[in-house]
Amino acid sequence: MQRSDYLIRKIGFAFATLVVVIVFNFFLFRILPGDPVRMIVHSPRMTREAQEKIEANFGLDKPVWIDKEALTRGDIPGAFDTQFTAYVRNLLRGDLGISFSTRRDVSELLAERAWRTVVLVGLGEVLAIVFGILLGLIAAWRRGSRLDTGILLAGLFTWAMPTFFFGIILIIIFRGRLPVGGMVTPGLKPEDGLEYWLDVGKHLILPTMTLTILYASEYLLIMRSSVVEVLSEDYILTAKAKGLSTIRTFRDHALKNSMLPMITVIALTLGYTVGGAIQVETVFSWPGIGRLMYEAVQKRDYPVLQGTFLLLAVSVIAANLLADLLYAVLDPRVKPE
Amino acid sequence: MAVLDVRNLSVDYLTDDGVVLHAVEDVSFSLEQGCSLGLVGESGCGKTTVMLSILRLLPEAGRIVSGQVLFEGQDLLQISEGDMRAVRWPGIAMVFQGAMNALNPVRTVESQIMEVLQLHGLFDNKNGARQRAGDLLEMVGIRAERGAEYPHQFSGGMRQRAMIAMALACVPRVLIADEPTTALDVMIQAQIIELLERLQSELDLALVLVTHDLGVVAEMCDDVLVMYSGTVAEHACSDTIFNNPRHPYTQRLLQAFPDIAQPGSQLASIPGFPPPLDDLPPGCRFQPRCHVFEGEPYCLEQHPQAVEIEPDHVVSCHLVGKA
Amino acid sequence: MQRFKQVWGVFRKKPMAIVGVVMLSIAVFVAVFAPWLAPYDPYERVEIEIEDILAPPDPEHLLGRDDAGKDVLSLLIYGARISLVVGFTASFFSMFIGTTVGLTAGYFGGRIGNGLMRFTDFLMVIPDLPLMLVIISVWGRGLWKIVLVISLLYWTYTARLVRSQVLSTKERQFVLRARALGASNWRNILRHILPMVVPLIIAQAVLDISASIIAESSLSFLGLGDPTLVSWGMMLNFAFERAISRMAWWFFLPPGFAIVWVSLSIILIGNALEEIVNPRLKTHHLFDPRRMVSLSPTPKEQQPTEPVLETN
């Protein structure tokens, strides 16, 4: 009874955040000085048809938010015939507009590139979690030893290093030995089968390594302090008093409790994860969503910017929600706040 | 033969700064099957340290410096860790202080009881163990079905009772209850005490009750060991302690304890604090607060040895005659 | 005041903290005395030959030259100013905003409090870098815009911290007593809650400085830095955009390591502060467990306690 309340709250919050993001996304591109949409529409680079399509899509002749006149007339449906509603309507249809630079549908671009980012970030995260947990455990076990201090310092050091710079360093180190840019060696196509995929895999190594090392450092610091804290709890003493060996005590009592904060941390740092992905894709020219966002920034391609931001924000919100749900499943103490 | 016989136990702690704290010095007592010993003293006097030493569960910074802990004739301090693990629980079990967090919050209560049943070989199948866990809970007045719940769903008193049930799962020879009633309200305290008494007589347990509550001691314990600042102040059977205390500290303790037969009498407190362990007085550790002390030099020079002033009555005081 | 002295006393003894302070002092020194330390003025126009572009280090240009022929060392030195200014001001604003929000939400509670915290939560969930990228892209480049955007995103951590501290302090005895005595709202806050909260705020603010520096360098690297200035992030942007194939390590590495130097120094300081002011992180200082044994019953043994035994 209580736990389902918790879940409902979390889902509600996720939904509310989503609404906030959508509204913000819309207004950002309309309200700030130098309304970019209008500027672009009148830009000579656009063809007449593209301009008309954009105008229709965005409803630029209509009021931005609410039609006050229509409201006073009592025309409720008319009052909402605005740019904002057009935007939301399009959103629900999956229409995110057209890229200014490539003239392609933004949603198409995103769909094309999404899996590449998912593979990179997914792999990076998984490896980071595994290494983070292992190293954190070792550091906590050997607390106070030189190994522990070394691990701690390495963790602090990577925390101080910007993601993109770490990528650059890896490029300098591994240049010539591993592919440092792009997703695949030019000339290979998916039809080439295994050769193609192996090549992609090789290109994946350095960017993944960058992400993994950087994320793992934070995870290990959290795991370490979590383990240290759990080990000082009363129930660990109880377990030992019952005659459990050190290993069994750890496995059956400490482990699960130590890992719970990890879930929270992963959720909290999802924003950082996404930021890291953008930087890594840029540095290694990995053609995913992050790189797309970078290119959009360079080219002032606002629809693409808007679209990628939305996609990234939604992903993070969804992932956050998943983490909350997972936490509720694992920790029986969870109650609505 | 005594089931538990602690002889001249001394324990030190080593701090981060390298300072050695003599937390426990030369503590001895013995316990027969079916008897109960009350271990009394202020917070910080070393009671818990003594108990942890018996089970060899001191933290890394703790060191048993000397002494013997004879359990059924065997010195536990000499056996291997593996052998010790077999003694823990079926031999000597402990109910911890402040059972608030003594149970793992992410595991059900019954799983934690079952764990100990299966670990020590009493049951190899889960169903048998679960059944038995349920019986144990019933024994302490908790409905068996509630075993499937988590510790946070139990009240404080229930958790304490569940811990007792778990402690008795392997039918130990010795049960150590460390402050089993602290932080519980008076009604629950009475229930717990009643429970312990009943179980003790039913199972013929040797019980060590560590507490700072003299009322509980008076009700339940055959023998009493009064500790002060890591040392034995006085050790005798309960009657003797309450009617004829010879150590100044014991006397003050009793004065500080309200007597229901004399309502309205003044509660006396003992001024001062126990000495910090890194700054112990050279002589008797109680001397700075002693009401009998009047400048006697040996009180300032040497901490008194435990002396048996009459059969089964041990006191550590230079001024026994005076008090 | 006493608390500060206490904290400082412990702080001084931690090796991490000292290293951090030394490192930071060097950076601050370089930033302040840049005009005297830098061999050339990086904002001056220079006449260059083709060979000067991305020239490797030589006695006249200790770190070589960049893609526009300018002296890398001078650029590096002047870059310190930007990073430090951004770091400190963004963190200062965050601290200010966060404290205000946290105090208000915590003290007044109710709908205001909940509303503020919901808003804070929203902001925390939305990913930082994409949001900053989007805002700057639309709003325009500029140093103060960057500072503002960073502080508008980073205040949330401080706000949360302050609010939870206020909530827990609110319930404590001495505050309730003061209110019972009729002390007014604001005096309550300032006298009782603030001293508890200030050390935590400062520790968080320090960590925010390093986060801000890294944020600015990331934004600059991605091409959104202030075009009138050359920050370390921008140096890396130029290096990456225009020199990646040339492997001009003297152009790549110094700015990056400079960023690491400054943010690491601040992290060391901030970490040390956090350990001191946040009691949960602090280990039980009497013991140093190398094996997995519980500590909990024993710390009680070592503390002096009240003289009277508790009775029923």
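The letters A, B and C name the chains in turn, as written, and every chain counts its residues from 1.
In this text, a contact is a pair of C-beta atoms (placed from the backbone, for glycine too) under 8 Å apart; a residue touches a chain by one contact, two chains touch by 3 or more.
Everything numeric here is computed off the predicted structure, so don't read it as measured data.
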item: Interface with the most contact pairs, given as the two chains involved; value: A-C
item: Chain with minimal offset from the mean of all protein Cα atoms; value: C
item: Identity of the chain that, by mean CA position, is farthest from chain B; value: A
item: Length of the line joining the C-alpha centres of chain A and chain B, rounded to whole Å; value: 54
item: Whole-Å separation of chain centres (CA-atom averages), chain A against chain C; value: 23
item: Separation of chain B from chain C, taking each centre as the mean of its C-alpha atoms, in whole Å; value: 49
item: Contacts with two or more other chains, residues of chain A listed in rising order; value: 233-234, 237, 240
item: Two or more partner chains touched - positions in chain B; value: 57, 96
item: Sites on chain C at which at least two other chains make contact; value: 288-291, 293-295, 297
item: Complex interface listing, chain A residues touching chain C; value: 13, 16-17, 20-21, 28-29, 32-34, 36, 141-145, 156-157, 159-165, 168-169, 171-172, 175, 225, 228-229, 231-234, 236-237, 240, 246, 249-250, 254, 268, 270-272, 274-275, 278-279, 282-283, 293-294, 296-298, 300, 302, 305-306, 308-309, 312-313, 316-317, 320
item: Residue numbers on chain A that touch chain B, as the complex places them; value: 233-235, 237-245, 252-253, 256-257, 260, 330-333
item: Of chain C, residues touching chain A in the complex; value: 118, 121-122, 124-131, 133-135, 137-140, 210, 214, 217-218, 221-224, 233, 236, 239-240, 244, 247, 249, 252-253, 256, 259-260, 263-264, 267-268, 271, 280-281, 283-284, 288-297
item: Residues of chain B defined as touching chain A within the complex; value: 55, 57, 85-90, 93-94, 96, 98-107, 115-116, 119-120, 150, 152, 163, 166
